[in-house]
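After this come two complexes, each holding chain A, first together with chain B and then together with chain C.
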Partner chain A sequence: MTSATSTASRSKSSASLRHRLAERGVDTKLWLLVPAVVFALLLFVYPFAYGIGLTFQPLAGTQEKWGGGFFANYIAFFKDAFVFDSVWLTMRLALPAALFNVIVSIPIAFKLRGKFRGKRFMQTLLVLPITLGTVLTAQGLLIFAGRQGWLNRFLMETGIISEPLQLVNNYLGVFFSLVISGFPFAYLLISSYLSGIDPSLEAAAKTLGANWKQRFRRVTLPLLAPGLATTFILTFVLAFSVFPSARLVGDASGDTRVLALMAYRAFSEQLDYSMASTIAIMMGVVELIVIGIVFLGRSFLYKGSTGGKG
Partner chain B sequence: MSLSANAFESLELKNVGRSFGGRDALVDLNLTIRAGEFIALLGPSGCGKSTALNCLAGLLPLTHGEILIDGKRIDVLPSEKRDFGMVFQNYALFPHLSVEKNIAFGLQMRGLPKAEITRRVAEGLALVKLEEHAKKLPGQLSGGQQQRVAIARAVVLEPRLVLMDEPLSNLDAKLRLEMRTEIRRLHQSLGLTTVYVTHDQEEALSLADRLVVLRDGRVQQIGTPEELHDHPANWHVADFMGYRNLIDLRVESVTGDLARVSGPDLSLTARLVQDAAVGDDIRVAIRPSDLLVARPGASTDGLNVIEAVVNVVEYQGREFAVGVTTTGGQNLFVHAETAPTAGATVTLTVDPARALIYRSSLDIVSAEQQELAEVRG
Partner chain C sequence: MSNSTLKSTRPGRNAPPTEIVNIRNRNKSSLAPGEKSLVASPGTWFVWFGVAAFFIFLFGIVISVLVDSFGKPWFDTWLPENFTLGWYQEAWNRFDLSHIIGVTLLVAFAVIVVSVVIGVPASYVLARSRFPGKNLVMLLFLLPILIPPITFGIPLATVMYNFGLGRTVLAVILVNLVPSVPFVIITMTPFIEQINPSIENAARMCGANMWQVFTKVLAPLLVPGILAASILVLVRTVGMFDLTFLVSGPTSDTLVVAIYRAMTSAGGGEARQLISSMGVIYTAMMLVILIIALRFINPTQLVAQVKESRED
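== the complex of A and B ==
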């Protein structure tokens, strides 16, 4: 009697196992993922694991200087002021640049939301820098804003300034180049998040007596905020790993001695692969910390449907 | 219930028009709305109903005309200053705010004290019977519940005018009937003034004190449900009011208000609703319920007689909706109490007083009719 019921219930549960798996997305279609998984393993997971392995094989010199055995590279990273300061230098560039890109994109995406003549032209103009690439951008910046650049010559000839402004080969130069290359991404992302918000929500807020500030603060911003967080993270990661412009339009041994440069130096000048890997890994860790903080903030926001076509 | 409406004496739309890039979406809308009235804008999709409503709400600027409340122009006021409540077709609830915060939104914008907001939100929730859903997000509610939140959100402001844009079109048939009653109840108990947009003539007839029938952005007729139902001003209105049989014929002769009209193989005596001279192309409108299937041997004196073959028979509760084709190929819709068999030949009769003659063209007529409606109204 009891055994009969138990087999019955067991067969029932095994019959529905497939359904329950299917409900969680486990079915034969998963095989389609195989190529992607193989690629990920070969091109990402293996080199990544290899890199991590390298960080625990410090050079004899590093071990001698900083001690700590396997962990000598990490101890060097934190204790060597020359290396560790670079975390701060990178942050000082990447955070403001990412914030700037996001904040400036919001009003522009808002303005360009409706339909008007020349909208496509404006959008093309804003997005064009994506196609330029960092090196070309850097080149352009040098020509335009360098000591002998057009801007300085114009300002000097018109008598507005007497000394050329120092706009490149320093912090500002890299900041400009981060804005030029990061802004189009931020703008594109934010305008697509914005178009995902049902316009009738704003119309409803209007008829309920909300002026534009209230509509923005109470309706649009809360619905846009998760998208803003995502956009911020993307532009931040782009800016954080800045490399070519830090060299070309920055001050590579001073203000813009960013982590990517340090890793490159360890690799090419000191031939210290293990330290280079350590710096690269630590870049990832710092990025993850920032992303973690942003996502933590995001988790308090409304993330459901915004009613629109997005 | 202490919610009520801030009243005005009358709201006047004068030659209100709106065009989009040179295309007219709404032309010369003239309408005076009295306080407490329930007005329905009725017309097929794309006829300019939403445009009219959005112009009233201030969401669309006018291209012509003006809107006055008690003689004061309000079409220059931005939407947020008009003090109208609006219910949108897709509800437009704020997805990130709970039901009660949605309802409180407008009250907060007005800067009312907290205690008053709490009180009015509670009243609003009670009004639409959603007390136990107060803390839920709109996404967790059914369509009908969302619609009720949207209505509560609009009426807790005690607006001077409530605008509703096809509020029931996303609901299923049963819910639609329930909500219809609900809307009428709210309108009456709160003394609201309402402008209601719909493409459903039944909805409009059952809810409204007066209807405005639109076609291609132009008013076709304004009147009470009875007026429109019994005396459609042109064939378009007749079509909307359930005259499903529209037959194109030509005038043969006219005697008094009756005329003999005929086509290649159909000839009728019908009543002239609009003037027509001999030789004019006209359109005869007959309700399915006025086309009767004659019992064999019954007298047909003074009635039009049409022979036809039964195509389809559809059971509709108490009676049958029957599709027939006349010998000349004209399709007609008939109501019958007993089901004829498909393929059978039947004799249809129609009282000449119940067959209405309209001019085929709508354009020339509409201006006249509008004047007429104004004189009447």
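== the complex of A and C ==
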């Protein structure tokens, strides 16, 4: 700030400093931004920096076991198979769930894009999973899809299966809960992107004789692709930080031992705050890598003035 | 602009018009324009099957929890043998639900007020002016939404415990503010952008100062947007599990966290029906909030105007 003042006073311009700053957009309006920035610095940046600092202060036990001095937590993270495997377990859950939600939403959003009776009602119903929340979804899945639940009972009585299917307390249970909470979200986003695409473009392609496959591949998909990437990122973020359902409908010590669960265990059960921060921050890093890759791919897509962009 | 881009890419791709004509001729069902085939295509079947499967699961989940919460004993039958309201009464007394619901609403209300008061002025600046470092500030507000809650929640909870705030209602409110303030900023910025700045300029010309412009001109225009953002924050806060769970204790649990704790408490958890009845109370509370909210506002107001897709 002081350097800016000195350079401004030294220059020969007749305009006052206040005016020159205002020309660059620095004026009294910016005071309105101060509370939000202070808030973000205090409650987000400071704890985050503190957490990163904490990762370099491993407990004595961790240091003895894994060595490496300040970096003992990170060495433990990468070398301890019990911890590191959960990266793979989390990805194996979050990536397919997010992809599934996006890919299934595309044809459904496409088919249901026109007007039909009961569309508003159906879209209202799709908001219902938001009111359920993860915990109730878990409870419902346990009852509905459990061994004695209606789903298995129905399938058994109709003779489709002879043994009850194991649908909960494993990978599938968590996958179901991710679809139930993530699919409506993906569908609503994609259909709003889709409605942002000017229908006259597709009508033009139709007049030129393109069939629906060509219209989809050459016109709509390229316009929709950035929106799809955004939707994928948002559903992936939701699925990646899955935590309550991984514990409740999943197999918390086996197939669905996700990163969030490991971080929480280190935090509350082992009271190892530095290891907990390490896992938590590595979790953020892994997620940001995936998001970065998708964003990189997205930057090659068409982002013109016609809707559908994220 | 878009048309020219499309045209310029056309010759690059080898798609001679004759091929298109062939495909058109190959189409066996020669329907008159505007006529629809009576037999649905496989795509349509797939779509309706997917939607139906989703709704079967959704209703199965909701209804089985509902039935379970009223059922007396329900084991190996289609429906429980008897129905009772006892589970609700027991859950209400055992878990002190009036206190828990009070805490939940208090937290949600505090989070809404603070995040609107802090967030709306900031989004006004972000919508209206350019200044050095704007991208950095945007990034600062985007990160808490993109990063998984556990990632910043654990360091944040550690800090809270260090300051002696652990397990207090204040800590729950503070922790929930971290994603809510940026959320209000991110959703309100496009909303403010679509308000015509000449309205504010006119007010300034007439001698209004910043405060007057804000309270007399902008605030009335912003009310629908603020209400919509508040509803979304409310839903997020009531449903927020991860962050609340990390800092809350017995006296500061919100409803979701209380249900989770009841499901996972030592010794195999509480009776299933107790948890179901708590779940039903949670959903009912959410539904009431949403129905009241949707009577007053339309959440799509936040999204910029989009063209209604035409029927082909």
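Note that in this section the second predicted complex is superposed on the first by the 277 of 310 C-alpha atoms of A that agree within 3 Å, B and C clash if a C-alpha of one lies under 4 Å from a C-alpha of the other, contacts with A are read in each partner's own complex, and residues count from 1 in each chain.
Everything that follows uses one rule, which is that a residue touches a chain if its C-beta (ideal position, glycine included) is under 8 Å from a C-beta of that chain, and two chains touch if they have at least 3 such contacts.
Not measured: the values here are computed from a predicted model.
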item	value
Which superposed partner A:17 touches (first chain B, second chain C, both, neither)	neither
Touching partner for A:221 - first (chain B), second (chain C), both, neither	neither
Touching partner for A:208 - first (chain B), second (chain C), both, neither	both
Which superposed partner A:103 touches (first chain B, second chain C, both, neither)	neither
Chain A residues touched by each partner, larger count belonging to chain B or chain C	C
First, second, both or neither for A:198, with chain B first and chain C second	both
Touched partner set for A:240, first chain B, second chain C, both or neither	second
Touching both chain C and chain B, counted on chain A across the two superposed complexes	198, 201, 203, 206, 208-211, 214, 218-219, 302, 304-307
Complex contact set, residues of chain A against chain C	24-30, 32-33, 35-37, 39-40, 43-48, 50-52, 54, 104, 107-108, 111-115, 122, 125, 127-145, 148-151, 153, 176, 179-180, 183, 192, 194-199, 201-203, 206, 208-211, 214, 218-219, 233, 237, 240-241, 243-244, 247-248, 259-260, 263-264, 267-268, 273, 276-277, 280-281, 283-284, 287-288, 291, 302, 304-307
Parts of chain A lying in touch with chain B, wherever the complex brings them together	198, 200-201, 203-211, 214, 218-219, 222-223, 302, 304-307
Sites on chain B touched by chain A in the complex	57-59, 78-86, 88, 90, 92-96, 105-106, 109-110, 137, 139, 153-154, 157, 163
Sites on chain C touched by chain A in the complex	1-2, 5-6, 13, 15, 17, 20-21, 23-24, 27, 43-44, 46-47, 50-51, 54-55, 57-58, 60-62, 64-65, 68, 75-76, 78, 117-119, 121-122, 124-126, 128-132, 134, 137, 140-141, 143-144, 146-159, 174, 177-178, 181-182, 185, 210, 235, 239, 241-242, 246, 256, 259-260, 263-264, 272, 275-276, 279, 282-283, 286-287, 290, 300, 303, 306-312
